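We just call them A, B, C, D and E in the order they show up, numbering each chain from 1.
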Amino acid sequence: MDILRVREELVCTRRVPGLKQASLRVLEGERGTLLVATDPVGVPPGKWVFATVGTAARHAMGDYDVHTDLTICGIIDHWEP
Amino acid sequence: MDILRVREELVCTRRVPGLKQASLRVLEGERGTLLVATDPVGVPPGKWVFATVGTAARHAMGDYDVHTDLTICGIIDHWEP
Amino acid sequence: MDILRVREELVCTRRVPGLKQASLRVLEGERGTLLVATDPVGVPPGKWVFATVGTAARHAMGDYDVHTDLTICGIIDHWEP
Amino acid sequence: MDILRVREELVCTRRVPGLKQASLRVLEGERGTLLVATDPVGVPPGKWVFATVGTAARHAMGDYDVHTDLTICGIIDHWEP
Amino acid sequence: MDILRVREELVCTRRVPGLKQASLRVLEGERGTLLVATDPVGVPPGKWVFATVGTAARHAMGDYDVHTDLTICGIIDHWEP
């Protein structure tokens, strides 16, 4: 699972139906890579999280039918990048 | 999910049957990487989108039998690269 | 899906049974990375193609039991690298 | 499977239910990349391990319903990086 | 599928049960990356091989229940790196 920091919410009006009402976040890796993740935890910007990829991302949403490939799994209590 | 910009349509006459009539787009990442994605949304060139990989890409097509590994999931409303 | 150029056929006498009689090609990415793909299309060397990864690669073979993770999906009509 | 070194335990109070009580470790690759893995073996910090990704990571937990994408599979007896 | 060279056998006494008695090899990519793969072919060190990732790696073992994500699929007859 990757270690990433929540940067902001992603506003996306026009999306595929398979994403349903999932909350989307822009995440930033340690080297500046930006990714979009679904967020079942409700994480505020600035927090360090770890996120899971692949089919596990759909399972982690608690709803396998959400068509994501990256889902936030938890907030890291303390992290010094 | 990756953040990418739509560059152009991909013209491909000779393809495997499993792609069916799926619309194909050439996408460009922030570092210039070029990828091919299926597009169920209908996105014009120049727009920033996010796209899902793996089995989720097939689900996102609304037809699991389309043999893609990258599908556009939505248009990002505002994006400053 | 990745954009790659067909470099040559891969000769491989000793292989796992799960690859069956699949035709194998050495593909080269834009940055020189070399990969091996199964080819259900029959592409001559020098052509630019796009190829799918993961479980979609097995579906694209038209035979899910071929144990590949990269399959050529189509020839790109025009490509300027 | 990737070769990684165990750096420390990951403390994560707020997590998705799908991770259950899985033990989490921060792993470091040869080039300094940091990743989070589930650990069914019980590996102390400093050890070199190899870890599996994707759906195999869930199988390796001995419980397919743990929503991980990286699981430690074994401790390497001797490793000179 | 990736093109890799067999470097040595991997000795690993303490491993998850899901790897069973699978033979493990350390493989080296063209840019020096080291990976661990399961080997159903029996390849001696020094040989160039190609290996499959993901669920195809489990299928290629001839036993889907071996929890690997990288399996050697064949020895390349001639390879000039």
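Here is the rule we use: a residue touches a chain if its C-beta (ideal position, glycine included) is under 8 Å from a C-beta of that chain, and two chains touch if they have at least 3 such contacts.
Since the structure is predicted, the reported quantities are computational estimates derived from the model, not experimental observations.
Enquirer: Hey, what chains does chain B share as contacts with chain D?
Expert: Of all the chains present, those in contact with both chain B and chain D are A.
Enquirer: CA centre of chain D versus CA centre of chain E: separation in Å?
Expert: 20
Enquirer: Taking each chain's centre as its mean C-alpha position, how far apart are chain A and chain E in Å?
Expert: 32
Enquirer: Two or more other chains touching the same residue: where does that happen in chain B?
Expert: Answer for chain B, listing residues that touch two or more other chains: 53-55, 57.
Enquirer: So how do the chains connect up here, line, ring, star, complete, or something else (other)?
Expert: It is a ring, because the chains touch in a row that closes back on itself.
Enquirer: With touching defined as stated, please give the ring order of all chains, chain A first and chain B second.
Expert: Loop order (chain A start, chain B next): A, B, C, E, D.
Enquirer: Applying the document's contact rule, which stretches of chain C touch chain E when the two form their complex?
Expert: Against chain E, the touching part of chain C is residues 10-19, 26, 34-37, 53-55, 57-58, 65, 67-70.
Enquirer: Which residues, counting only chain B, touch chain A once they are in their complex?
Expert: 1-3, 30, 40-41, 50, 52-57, 59-60, 62, 71-78
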